[in-house]
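After this come two complexes, each holding chain A, first together with chain B and then together with chain C.
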Partner chain A sequence: MHISEGILSAPVLITGAGLTATAVGYSLKKMEHKEVPKVAILSSVFFVASLIHVPLGPSSVHLILNGVIGLLLGWPAFPAILVALALQGVIFQFGGITTLGVNTFNMALPAIICFYLFNRGIKGANNFIALILAFVCGFLAVLLSGIMVAAALVFTGEPFIQIAKLVLIAHLPVMILEGVLTVFCIGFLRKVKPEILNI
Partner chain B sequence: MKNKLYLVLIFIFLIIMVINIPVFAHKVNIFAYVEGDRIYTESYFNDGKKCIDSKIEVFDNQGNKLLEGLTDEEGVFSFEVPPEDVIEGDLKIVLTASMGHRAEYTISTGELGDTISVGSAKEEFEEPVSVISPEISSLDLKEIQSLIEDTLDKKLELIMREIKKSQEDKISLTEIIGGIGYIFGIFGIIAYFLSRKR
Partner chain C sequence: MIKEKFSEGDSLLHRLDPRIKIIVALFFSVIIAVTDKYTSLWGALFLAVAAVAVARLRTKELISRLLVVNSFIFLLWLMLPLTFPGEKIYTLASLSVSREGIKYAFLITVKSNSIILVGIALLSTSSIFNLVHALRHLYLPDKLTQLFFFAYRYTQTIHSEYIRINNALKIRGFKPQTNLHTYKTYAYLVGMMLVRSYDRSKRVYDAMLCRGFKGKFWTLNHFVFKKSDFVAGIVMISCIIGLVLLP
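Now for the complex of A and B:
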């Protein structure tokens, strides 16, 4: 999911950086004081999750967990993912500094979309429905990220359908895995610490 | 208090999961070396998997594309060293793997120069040697030359592999913990500014 440096053209990079800067600015302004520790912890989770990789055919993919992060954070997912990606770029050379804006946007926007789609549902009284929704949330977040990566790569001249297929097929196991992980995470939090979900 | 303990446990568990995985995905590496009159490139993801059918492009330092090709099943792509008059400065080899992965490797003129100077040294040496020991014909010299090269290749292969290994990035626990530390630090600063606003 991390797009390396030197692949995207300048307009794509600038657009990504601009959109990310706006979203980060907005969410920092909106962020509550008491939310900060939660954002920091989930940012570290994102930072570590990308190091867990799933071997797969000729390529390999890793966990992203943007679904869970979006569900638990909402808008502050933007600064959380930005900080984690920046450090991954500097320390592990995943992605890159110039592509930071695009990469953050690709992973954080689906997180926020999932927040708005599923935030209500996973708080519902019915445990079973909540868990099904959690699975869909984890699955969908990765799916959307994959589509956005493919869309960003289109501007490099490769045909969209081909990249989209490649990215999506490669990430199908991750989508399922993330769905299952989101179910466990939400199930666990519903039982043990419902106040994190604001129930 | 009990709930906080759970969170800490999950966190520790995540970190332990990471440590148990020795290699990591999501970066591609390319390594190139000159052997004889060819340049060999090897491409692999940083979990050691080879990049198959990935595009390799070779540029000179003016940014002109000299040639391009695809890696084979072993992630190897080789090409002849371009003639001297074509090369201006270093050669830049760029690997573009699927899904937005990219890496590059630069072969310096020094490395290329070695093969060229070996070629010219051979010619210089031939005559004086044949004067000292006339029974050694130039054919023998060529055989000896190729024998030496073969042996050197074999011996150097190990060293090349070592160099390649050392270039592979292993992520250490220190880096992970350090990164998490940075994250907390950054959000500490954010918390500071948020609290001043109030």
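Now for the complex of A and C:
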């Protein structure tokens, strides 16, 4: 899901950086000091999840989990994802300084959209509805990220349209996988530790 | 443990003040990301390779790292020559390879790898703690620096927790495959990581309160800005400006 350095055009990079800076600034302002450890530790979970490779047919994919992070954090998902991606950039060289804004925005905006769409349903009393919504949440978060990655490529230049399509198609199985994982994960949390979901 | 492989070493670049390194890396990345001039990009690649050489990093690790991060670039090489409009130099059935497409893919490859190499030479040669400390001096908001410190610290803990749970799974004969059982197991693994992280974050905050945390981190050892740092910074910045001015 990371777009490498040196591919996107200047307007796309600047827009991404500006939007991310604004959103991170806003959520930092809203965030209380006592939330810092929780946000940071979920940022670490997001980082570690990306190191977990799950088999998918002949190959394997790594977990993304931006839907789950969004559900658990709300707005602070923005700084959490920014920090995780920056650390990955320095430690593994995935993504870098100039693409940090775009990459963060592509992952974090879907997380927040999922928070607003599914927060009440997934944390509500009805278990069945919660699990259905959990699937949609995991699926949609990756779908939206994929669309945004594709859009960033298309806005860079027309030759990228085919690649953008390919990126989207390649993410289709990942969407289903993330949906399924989110169902089990939310089901687990509802049973084992409902406080995390504020139930 | 997640290792910062390139941060160990004692080269000129390892010893340089991280504040300077961050500024130069940022300047270089931004300039190169928006440049399309061939001479500048070749110069950039040359500078980047020189920087990595000065940092004296292990070549084998460097190359294996580059291969991994170039996966998206490989995809571009497969697609761009076929989709980019321009003079056709080779045609096979309905597919035709355009010269401009190859040129463009080449340009992106040089650009991307110069930025990655400079990132390795300048940023990855400092420890994360030093980088975040430096970012604080460069006016990164307090809460964001705290997030960085904690996130890095707990990434290590949560990663070892993941390894522990994964070992427990292996001992019980778990073999990951493409089926629902595997996905359920991984989801529960993530769930368990979230539960433990949640409890841990509460304990961490309580411990901070016990130690009198009032929303600010105090730094105990400060960077000393040496004359050599200043000179190195000036030299690197002028090299980058020189790149832009190349004909």
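We take it that the second predicted complex is superposed on the first by the 183 of 199 C-alpha atoms of A that agree within 3 Å, B and C clash if a C-alpha of one lies under 4 Å from a C-alpha of the other, contacts with A are read in each partner's own complex, and residues count from 1 in each chain.
Everything that follows uses one rule, which is that a residue touches a chain if its C-beta (ideal position, glycine included) is under 8 Å from a C-beta of that chain, and two chains touch if they have at least 3 such contacts.
What you see is a predicted model; the values in this text were computed from it and never measured.
*Asks:* Here chain A is shared; do chain B and chain C fit on it together or clash?
*Replies:* clash
*Asks:* Between chain B (first) and chain C (second), which, if any, makes contact with A:L177: first, second, both or neither?
*Replies:* In the superposition, A:L177 contacts chain C only.
*Asks:* For A:I113, decide between first (touching chain B), second (touching chain C), both and neither.
*Replies:* After superposition on chain A, A:I113 lies in contact with neither partner.
*Asks:* Check the residue A:V149 against both partner chains and state whether it touches chain B (first), chain C (second), both, or neither.
*Replies:* After superposing on A, A:V149 lies in contact with chain B but is clear of chain C.
*Asks:* Figure out whether A:L197 sits in contact with chain B (first) or chain C (second), or with both, or with neither.
*Replies:* neither
*Asks:* Could you figure out whether chain B or chain C reaches more residues of chain A?
*Replies:* Residues of chain A touched, chain B against chain C: more for C.
*Asks:* Examine A:H62 and indicate which partner it touches, taking first as chain B and second as chain C; both and neither are also allowed.
*Replies:* The first partner, chain B, only.
*Asks:* Who does A:A21 touch here: chain B (first), chain C (second), both, or neither?
*Replies:* neither
*Asks:* So in the superposed three-chain picture, is A:L131 touching just chain B, just chain C, both, or none of them (first/second/both/neither)?
*Replies:* After superposing on A, A:L131 lies clear of both chain B and chain C.
*Asks:* Which partner chains sit in contact with A:S50 here, chain B, chain C, both or neither? Use first/second/both/neither.
*Replies:* In the superposed model, A:S50 contacts chain B only, not chain C.
*Asks:* Of the two partner chains, chain B (first) and chain C (second), which one does A:Q162 touch, if any: first, second, both, or neither?
*Replies:* Only chain C is touched by A:Q162; chain B is not.
*Asks:* Just one of 27-35, 45-53, 153-161 or 171-179 in chain C runs into chain B once the structures are overlaid; which is it?
*Replies:* 153-161
*Asks:* Identify the overlap between the chain B-contacting and the chain C-contacting residues of chain A.
*Replies:* 2-8, 28, 31, 33, 36-37, 39-41, 43-45, 47-49, 51-52, 54-55, 79, 83-84, 87, 91-94, 163, 166, 192-193
*Asks:* Which of the residues in chain C come into contact with chain A in the complex?
*Replies:* 2, 4, 25-26, 29-30, 32-34, 65, 68-70, 72-73, 75-76, 79-80, 82-85, 101, 104, 108-116, 119-120, 123-124, 128, 131, 141, 143-144, 146-152, 154-155, 157-159, 162, 176-178, 180, 182-184, 186-195, 197-198, 200-202, 204-205, 208, 213, 215
*Asks:* Along chain A, where are the residues that touch chain C in the complex?
*Replies:* 2-8, 10, 13, 24-25, 28, 31, 33-34, 36-45, 47-49, 51-52, 54-57, 63, 65, 68, 72, 79-80, 82-84, 86-87, 89-94, 96-98, 159, 161-163, 166, 177, 180-185, 188-189, 192-193, 195-196
*Asks:* Taking the touch rule as given, give the residues of chain B at its contact with chain A in the complex, in rising order.
*Replies:* Spelled out, the residues of chain B in touch with chain A are 3, 6-7, 11, 14-15, 17-18, 21, 24-28, 45, 47, 49-53, 94, 96-104, 169, 171, 175-176, 178-180, 182-184, 186-188, 190-191, 194-195, 198.
*Asks:* So in the complex, which bits of chain A are touching chain B?
*Replies:* That would be residues 1-8, 28, 31, 33, 36-37, 39-41, 43-45, 47-55, 58-62, 79, 83-84, 87-88, 91-94, 149, 152-153, 163, 166-167, 170, 192-193 of chain A.
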